[in-house]
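One chain, chain A, links the two complexes that follow: it is found with chain B in the first and with chain C in the second.
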Partner chain A sequence: MTSIIDEATPPVRRNANRGGWLADLGTALRSGAVFILLAALLFGFSAVEPAFANLGNLMSILQAVAVVAILGAGVTVTLAVGGFDLSIGAIAASSVMAASYAMIVWGLGAIATVPLVLAFGALIGLVNAFLIVRLKVPDLLATLSMMFLLSGLQLIPTAGRSISAGLILPDGTTTTGAYDPAFLLIGRASLAGIVPVSVVLMALVAIALFVLTERTRIGRLLFATGGNEVATRLAGASTARLKTLAYVISGTLASLGGIVIAARVGRGDVSSGGSLLMDAVAAALIGFAVLGKRRPNVLGTIVGAVFVGVLLNGLTMLNAPYYTQDFVKGAVLVGALALTYGTVRSPSP
Partner chain B sequence: MPLLHVDALSRSFQSTRALVNATLTIDAGEIVALMGANGAGKSTLVKILSGVLPADSGVITLNGRTYAPRSPAQAAAAGVVTVHQSTGLVGAAGLTVADTLLLTRFSQRGQPFFVSRASINRQAQAILDIAGFDLPLDRDFADLTAADRQLVAIARALANRADLLILDEPTASLSIAESQRLFAILKRLRDGGLAILYISHRTADLQAIADRVLVMRGGTVAGAFERPIDFAATIETMIGRKLQSARPGIRAPEGPPVFEMRDARLRPGSLPFDLTVHTGEVVAITGVLGAGKSRLLSAIFGNGRLAAGEMYLDGRRHRPESPAEAIAAGVAMAAEDRHRSSLMPADWPGSSLAATISLPHLSKWYPHGLLFGGRERREAEQAIDRLRIKASGPLAPITSLSGGNQQKVVLARWEAEPSRLLLLDEPFQGVDVGARHDIIQAIRSRSNRATLIATSDPEEAYEVADRILIIDHHSLAAAPGGATSRLPQEIHA
Partner chain C sequence: MSATSPDETGDAIHLDGIVKRFDGALALNRASLRVRRGTVHGLVGQNGAGKSTLIKLLAGLHQPDEGRIEIDGQAYDKLTPHRVEELGIHFIHQDRLLVPTFTVGEALFLGREPRIAGTPFLDRRLMQRRASEILDDYFGVKLPSSALISELSTAEKQIVQITRALLDQPKVLVFDEPTAALVRREADILFRLIRRLRDEGVTVIYISHYLNEIEELCDTVTVLRNGEDVATLPFGETSAAAIARLMVARDIADLYPKRSVTPGKDILTLDRLSAHGKYQDISLTLRRGEVLGLTGLLGSGAKELIRTLFGLESATSGQITIDGKPARSVNPAQAVDRHLALVPEDRRGNGVALDLSVTENITLSSLKRFTRLGFLDFTSERREADDLIRRLEIKTSGRNALVRTLSGGNQQKVAIAKWLSRHSEIYLLDEPTVGVDIGSKVEIYNLIGDLAARGAGIIVLSSDLQELIGITDRILVLFRGSIIREFASSQTSLDDVLAASTGSIEVLRHVG
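What follows is the complex of A and B.
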C-alpha cells in the first residue's frame, strides 16, 4: 500500500542540479530527439544533395505525407480513447472508389461528392463504434473485420474493375460521367503556386485536432476515457458517446484522406491505399516519442509522418532503391518505440 | 541470538532520506508488527529486506550471517519471503490453485518438462501441508476470494524453508471472519518457529496478533512496544503528536431527510430495508466484504440498480440510469479503490492534481469547451489549503502524492461543487492515521449535505459517523438502539 517517499517530489525537483543535470540533459535530449534527428536529416540531405532543400521539394515531401498525417491524426484520436482503428486504410481506399463512383457513374460534381464521401467515412466510423461500444466487440477485432468488409465491398459495384471515365458497368452500360475538374484541384492545385491544397488540408486537420485533443474539455474527456474508462464514467461522462465520437472522427478523416488520393490520382484504383494503414499507425506511434510524451498526441503524429517523409525523400534522392523504403520505416518505428518505452527515467524509488 | 538484526540501515532517493539509521531486531517465533504513516519508511525497509532495493549503508544480519540480498530470489533462498498486498498478481485466471502454488517451481531449472495433473496436485498438497492449511486445489484462481488468494500467496512463500515471512497489509481486503482465520494460521506458523513481520494500519489487527510493535517515523524506528501494547502511545509515536480525541461529537439527525430508501432490495430475494439520511448527518454502513456495501452505494449513484424499492432525494423520486444522472440530481460518489475508480495513469492527460479534481466539473467550469482561464488550478489551490494536501502544487502529478493525499484529492473533487448527498466507498483505504484525521474533519465539517460512508472497518465507521448501520447479506439493519453509533466491540459482539 504505502507509496514510499510520498512528500518527496518537490525536494527532488529542487535539488535536481546537484548531480541531476546530467539526467535533466538526458530527459531534454530524449524529448527533443525526434526534432534533433529531423534537423540533422534536413541538414545532412541538403549538404549532400542541394536540390533537396529547395522549396518545391520540401512541399512535395509534405504533399507526400499529407494523407498519412491526416489518417494518423485519426488513429491518434482512437488511441486516446484506448481504442484502435484498423479500418482507416480500407476506409480511405473505399473512399477513393466512392468518390470516383459518385462522379463517373452518378455524374455528381465536387460539391456533392466531397460531403457524400465524408459522410460515408463518418458512417463507417459509426458502425465501428456500434460494434465496439454497443456489441462490445474488442476494438481490434471490430475494425479488422470492418477493414476486410470494406476491402471487399469496394470491388462489388464495378465487379472488381478500377473506375475511370468510360467505365463499362457489370450490366453492360457505359458510364458518361467524368472527374469534376474542381475536385481534382484538391489533389493537384497549390495555393499561390507554392503550398499544395493537400498540405493546407493537413495543416487544418492538424491544428483542429491538436486544439480538440489538447485544449478542450472534450479532448480531456477523450483521453480520460482511454486512461481510465471506469473513472471517467463515474465522473459522469458518457464514455460510449466519447468513443463513438473518436471512431467517427477517425472514419471521417480516413475518408478525407481518400478524397485527397482520388483527387491526386484522378481515377478509382482498386489497389489504392495499400500501405496507408501501416504508415498512419507508424506515424502515430512515432509520435509517442516526440517531446517525450509517451502517449498518443496529434503534434507528434504529424511530426512522425513528416519525419518518415523526409527520410524517404532524402534517401530516394541519394538513389537508395525503392525496396528499402519499408525497411527504413520499420527501423524508424523500432527506434522511436525504443526511445519511448526503453529509456528508464530517474530510478523510481 | 536474534534471527534478524538490522543495524543502522539507511537509504536515500536523491535528496530524500527514506530510511535513516533504522535499527531493529526480530527473533524466531514472534510476530512483530510494523506501523508507520505513509512515507515513514516501512515500504523501503521491506523492499531492502526482500531484495528489491539495495541499502546505501548499514548491516543486516540473518542467522548470524551478513545478509544483503540482490534480488527477491536471493532473499527467498536466504529464508526471507514477502507476501505483497496485491495478491491478485499471485496467480492468473485459468490457473488452478495447484498451478499457482507451483508457479515458481515451474520456472526453475531441473524440473521435469512434462507435468501431469496428478503430480501437480501431489506437489501442491505437499506445499499446503508445510503451511498447514487447506485450499481447494482444483479451483480456478480467478474464483478465489481475496482471503484465499492471500493464503495461496502465503503457502507458496513458505514452500521452501523460510525463517522470516513479511506480510504487507494482509487484511486490507479481508472480512473480519477471514481475518480471524488468517490470524489463527499466522499464530500457528509462529508457534512453529517462524518469525513474521506484519505491516498494517489496523490497530484491531495488531491487537489481535502482534507480540511486539515497532513504530517507524521519519525513516527510523521511533519506538518499540511490548505486550500489552498501548495503542494510543503507538499512534502518538507514529504521527508524532498527541492524539486528540478522534471521536467526534455525535449529532442527532435534524432537519428534513435528504435521502430516503423505501422497501429497497439490493438483490432479488434479499430482505427489504429502509434508509433515511438527514441534512448534515454522516452515516456509516459497515459490514464484511461482499455484504453489499458497494452495491448499495452504486445503486444510489446510478451505477447499478435496485432489485426493488424506491429512492427519494429531497422528496423527489430518485432513479438514476447512469452516474451522470445521479450527479445532475445532486449525488456525488468517491468509489472504492481510487486507482481504479478515480485516477488517471501517470503521464496521461488529466493526471495532475488539478485535473483529477476537475474531471466531473469540466462542463460546468469550462462551458465554452476550451480549457482556458485557470479555473481548475484555482479550485485545486483552494483544495490544497482546505484539506492540507501535501503536494508541490496544483499541477503535481497525482501519482507523486501519498495514498492519504490522493484520497484527499478525490474527496476534494466531490466537494468542489455542492452536492446533496455524498457517497464515500472505503474512503480510508491505504490512508495513514494523520490523513485520516484530516479527511474525517473535512467530511464532518459540511452541514449542508448528507454523507453516506461504506467501510469494512467498524473502527473507521465509529470514528467518522453520527450513526452506524450494519449491512449483512445485502440488507441493512440499524445498530440496535436507534440513532447513536455504537462501539465496534458491541457491533460484533
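What follows is the complex of A and C.
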C-alpha cells in the first residue's frame, strides 16, 4: 500500500488473468463505485430539488456527519490494529455530560473544559488498552463492558438528571455555572459565515489521521499489527504500544465528538449519542469499499460518513419519513460490504 | 472396511486427459491419474504443478474443461462434493476445518448424526459406541468423546478427521500433506494405519512434499510437473532421488547447493546458557560466514534456545555475546536492534502478514530506513522491495500483491527478505523449508549460501537431517536440553545424526 494512487489500480495479474481491458474496467468501477454513486446522488438530488445543491445545504450535510466522521476515524484506527472499540458511543455521550458538568457545576470555562474532556477520553482509551493489551480481555468484550460502565457512570453525578443551567444537584444545592459562550462556538459558529467549526474539526481530524495511518511508519505498523500481530512483534515493533495508541486515539476522538455535540446542544442530555456507535462503525465499514482498499482506511471512513449524510439529507428533502433512516443506512452498509467482499477472486490454481 | 470387489485389479480412480484453465492460465494440461484399487498411490509435484487442482477436481470442487473422470469404471460428467462422498471418496486435509467448539463426538458425526429409529432425537449412545470402537481399533487411543476439538493436538485432530471418514466405510481416502504438522512418532502411527487400510482393500491417494514418506509408503507414484503427469512409476523401479529429478527436471546433486565460505570472526557466542527445565549449559560459537545446523526432537530445547536468542524467552544463567558484547535480549525489538533475524517455523502464522502487500512485509522491520522526519519515503521503499523481489526471485504479480496470493516458498522468501532489508547479520532459521516445494527449497538454500558469503552467521534449526547435512558446515544435536554431539556436516551420515538426535548414543553411554 505504497500510496492511495497505487492502491486505486491494483496490478492485474499478467500471467493468470487475461481478462484484458474489461477486467481493468471492472476493477476501476469497483474501486470508484462509492464515488460514482456519490456523484450520482448529488446530481440526482439537485436535479429533483434545486435547493439541495446550495452551499448552505451542503455545509449542513457536512455538519450533520461531522461527529460520526470523527468517531468513525477513531474506529478505523482500532480496526487497523485488528481490534474494535465498541465504547466510542458511550465515551462521546459521557463526554457531553462531562463537559456540561465541568462548566455548569464546576463553573469552568472553555479553555479548561476542552482539554479536560479530551483527557477523559484518552484516559478511557488507556483503560480499554490496559484491559485488552495487558489483561488480554478480547477487544469486543472489553469495550462492550466499558460502554456499559460509562453509560451508567454518566448518570451518577447528577442522579440521572440531564445537565443544564440551574441544575439542582443530588445534595440539594443549585448550580450557578453556565455554558461558556466560547465553548458553544465549537458547535454553532462558522468560519467566514460559511464553514461550520465542526466541519473544520472533522477536516483536521481526517487529514491528521490520514497522514498518520497512510504516510508514517507508525501508521504502517498499526496496519501490520492488525495484519499479523506476532509477525509484527517478531519484526521488532512493540505491538502492545501500537494497540494502546490505537485505543487512546479512538477514545480521544470520541470525546472530541462529544465536545462537538455538547457545543451544539448546549446542555448535557442523558440520552445523547444514541446511534453514534452504529453510525460510526457503519461509516468505517462502508469505507472498506472506497477505492477498493478492502481494509479500514481513514479516507474511506470520511467518504462513508458523507455518503450516508448526503443520502439521508436528500431523502429528507424529498419528504422521506424520518423512520426510514436506519433502513437506508443499513441498506448502504449491506451494499458496501457486498462490494468489498462479494467479488469472487479468481481461484488460485 | 469396504467389501473387496471381485474385480481386484480394476481402477478405483481414472482421471484421463484433464485440462483445466483458471482465467486463461493453464493449471492442468492433459493430466492423467490412474489409481488401482487397493493400492497406496503417491502424488507428487512442486507447488503449482497441479496437484491440488487435480484433487479439487476429484473432490467435485472444480469441473474440468476437458477430459474424463471415471470412478470404479464408471464415467461421471459432473461431480459434486456430495456425490463424491456418496461414492465413498474421502479427503483428509490438515487445514480442513473442524469446528473448534464441538466435542469430538459432535465433530465425528457432524452432518450425519444417527437418530433413534422413528424419532428426531440423536442416538447419542450409538454415536459414542461407534466412535470409540473405531478410535480404539485403528488408533489404539481413547479420545474422550466429550473433549473439545480446540483442546486436541494437531495429531489428534487428524485422528478425528480420519475416524470421521472411516465411519463412512470409505472406498478411497485422499491424504493431502497429512504429516506436515506431525512429529515423527505420530507420522509412524499414521503410516501403519494407511498400510492397514490398504490391506483391508481401501484405496489411498497420498500427497506429500516429503519424498522419503512417499518412498516408504506408496506402491505407485505419479509425478506432476507444469500441469502434466510426467511419469507414473511403481516404486519397485524408482527411488526418491529419481522422483525428485522428475519433479524439478534437475539433478539431485543440485538439490542441496552449498557455498564454500571461509568462516570469519566469531559473531555469536553462547557460554553455559541455561534455562531451567528447558536446556542447560549450552555453549557454542557461530562465526561469520558459517552455517550452523541445530537439531533435536521435540522437547530437546533447540526451539527454546532459538527463542531465547531472539528475546522471546529468558535464560536463567549464562552469557550471550554478539560481536564481543554481552547481548541478552529481553524482547524481539532489542534482538532486532542487535542484528538478529528470526524466520519462525509457522510462516503463515508468525512469519508474514498474509493480508499485507509484499512491499509492506519486506520493509516491516526496516521501516526506519524508509522514514524521513516520520514520513514514509515511498519511492525508496518501492525501490528496496523491487530490488529484493528481483534478488530473491520472489514470484509475485507485483510488489503490491498480497502475500496471501504467493506460494509457500515465495512467502518464505518474503519472510527472509524482511531481514535482508534490515541488514541483519545473525539469522535464526526455524525449519526454513517446511511445506516448501523442491524448486523453492533449492532457491532458499542458495539464499542461505549467499548470506553466508556476505559474512552473516546462520543457525538453521531443522528436523530434515538430509537438509542439515547438505547445507550446513556443522551440526549440533540437542537431546533433553544438552548438546550431546557435534558433527562436521561433510563427514557425517544421516544415520549418525539420527542416532544422536533420538538419544541412542546416550542410551549406549549409559549402558556402557
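Here, the second predicted complex is superposed on the first by the 325 of 349 C-alpha atoms of A that agree within 3 Å, B and C clash if a C-alpha of one lies under 4 Å from a C-alpha of the other, contacts with A are read in each partner's own complex, and residues count from 1 in each chain.
FYI, a contact is a pair of C-beta atoms (placed from the backbone, for glycine too) under 8 Å apart; a residue touches a chain by one contact, two chains touch by 3 or more.
Everything numeric in this text was worked out from a predicted model, so none of it was measured.
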Which partner does A:Tyr101 reach: the first (chain B), the second (chain C), both, or neither?
neither
A:Arg217 in the overlay: touching chain B, chain C, both, or neither? Say first, second, both or neither.
both
For A:Arg233, is the partner it touches chain B (first), chain C (second), both, or none of the two (neither)?
both
Residues of chain A at both interfaces, chain B in one complex, chain C in the other
1-3, 6-7, 10-15, 18, 211, 215-221, 223-224, 227-228, 230-238, 295, 346-347, 349
Write out the stretch or stretches of chain A touching chain B in their complex.
1-15, 18, 20, 211, 214-221, 223-224, 226-228, 230-238, 293-295, 346-347, 349
Sort out for me which residues of chain A touch chain C in the complex.
1-3, 6-7, 10-19, 211, 215-221, 223-224, 227-228, 230-238, 295, 346-349
Within their complex, chain C touches chain A through residues 20, 22-25, 27, 48, 50, 53, 62, 310, 331-333, 335-337, 342, 344, 349-357, 359-361, 363-365, 367-368, 370-371, 374-376, 378, 381-382, 397-401, 405, 418, 422
Per the touch rule above, chain B residues touching chain A in the complex are 13-16, 18, 36, 38-44, 47, 53, 85, 168-169, 172, 201, 301, 303, 322-324, 326-328, 333, 335, 340-345, 347-351, 355, 359-360, 362-363, 366, 369-372, 390-392, 396-397, 399-405, 413, 430
